[in-house]
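Take this structure, written in structure tokens, and hold onto it; I'll ask about it next.
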Amino acid sequence: MKSLAVKLFARARDLAGSPIVELPWSDGETVAALKQRLTEQYPDLKPLAPRLLVAVNNNYADDDCVVKTTDEVACFPPVSGG
Amino acid sequence: MKSLAVKLFARARDLAGSPIVELPWSDGETVAALKQRLTEQYPDLKPLAPRLLVAVNNNYADDDCVVKTTDEVACFPPVSGG
Amino acid sequence: MISLTHNPIDYHALTESVRSPQSGAVVLFLGTVRELTAGRQTVALDYEGYPEMARAKLEELEQAARSRWPIDKVAIVHRLGHLELGDISVAVAVSCPHRKQAFEAGQFLIDELKVSVPIWKKENWADGSTEWVHPGGEMTKGE
Amino acid sequence: MISLTHNPIDYHALTESVRSPQSGAVVLFLGTVRELTAGRQTVALDYEGYPEMARAKLEELEQAARSRWPIDKVAIVHRLGHLELGDISVAVAVSCPHRKQAFEAGQFLIDELKVSVPIWKKENWADGSTEWVHPGGEMTKGE
């Protein structure tokens, strides 16, 4: 099984304790699977789970978006810039 | 009969040829009388007459506003600052 | 802070004057001399004011804005005299706790300034003619 | 011109960069660090961004604004890192032929920036605690 690199930001990074994590990954899996695996592997993320956003190749991605291990993937809470 | 000093601005001043004019004046007369007397005495102002504005003591004044010779009076076209 | 000036407008100082830790939002509006007006080419504008009344009306505008929005600080400066293409004719800066208030107050102030403050502009067209601008009627050739 | 910076924002240079004789109206918005948020006292904010995506989203916002208003020039800069009270966190400058367009476009850009650009702020409260700000749910104490 291949692995997927996921960048984490803000409170998601603080809770997971790392700015980037590696998840076991099969091509064809979706954003929904990513969120589930992430919170299984990093249970400290659970309080944030319902509000976590996923970006694939610099675009926001829905739960049914398919993710490949070559994609640039990031996971973070709702934004609060400005 | 006393006289009333009327400041003129912008195109009104250009047409009358002076930044301030003196009109014969009786206390109790109104802005409407002022406009009429001004255009009688300075016929070059006639093209502008329907749009002339009058200010009394730094406030816009309606036609029925009474003007005294001690008032600060000005007459000018619609404003175009900004 | 309300002022009229014959010198170039220092909008940086103006903007600094309204900043404060109480206000999360600052909006600055600059009006500048535009090259094309209704397809005709401007080379310069001359602004004339009735200074005492203009200052009084600007003060009234500030009070009207303060009665409608939770404004922290306001600064308005209008330039008078001869302005070249691109020069700043007016600057309005306002600070408020939140951005929506600051945008609304800033737009209100410049909108009202243009209809109630006794200042007039004269176009200097590229063909050498001049023309006073008097909204509410067609423009008439200046003498 | 889109940028992210860890240095203080030079909004004067930013504003100059959007001025032009084609545009009679410039609107500048500054977001600054406010002392009070919902009654609590802030002493500083830390901003973190996802820089590649933030730049991409800001470019998209510029294009979205250009498709809706006749924008001449746009400049947006967001600061990252540690900001003290009163510091400028974001500056948006836009120039348009007329003022209504410039106000609308400026407000659109900052409104959309706040909902779609991946940047986060962490409050440093006066009591020494810190807290990530995550709209759309109650805030949760930072670790």
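Every chain is named by a letter (A, B, C and D) in the order it is written, and numbering of its residues begins at 1.
Just so it is clear, a residue touches a chain if its C-beta (ideal position, glycine included) is under 8 Å from a C-beta of that chain, and two chains touch if they have at least 3 such contacts.
Please read these numbers as outputs of a predicted model, since none were measured by experiment.
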| item | value |
| --- | --- |
| Least step count from chain A to chain C, where 1 means the two chains touch | 2 |
| Per Cα centroids, the chain farthest from chain D | B |
| Gap in Å, rounded to a whole number, between the CA centres of chain D and chain C | 25 |
| CA centroid of chain B to CA centroid of chain D, Å | 49 |
| Sites on chain D at which at least two other chains make contact | 31, 110 |
| Touching chain combinations (by label order) | A-D, B-C, C-D |
| Chain B to chain C touching residues, read off their complex | 7, 9-11, 14-15, 47-48, 50-51, 55, 58-60, 72, 74, 76-82 |
| Contact set on chain C toward chain D in their complex | 11-12, 15, 19-36, 85-86, 97, 99-100, 102-103, 106-107, 110-111 |
| Residues of chain D that touch chain A when the two form their complex | 31, 47-50, 52-54, 56-57, 78, 89-90, 110, 113-122, 132-137, 140, 142-143 |
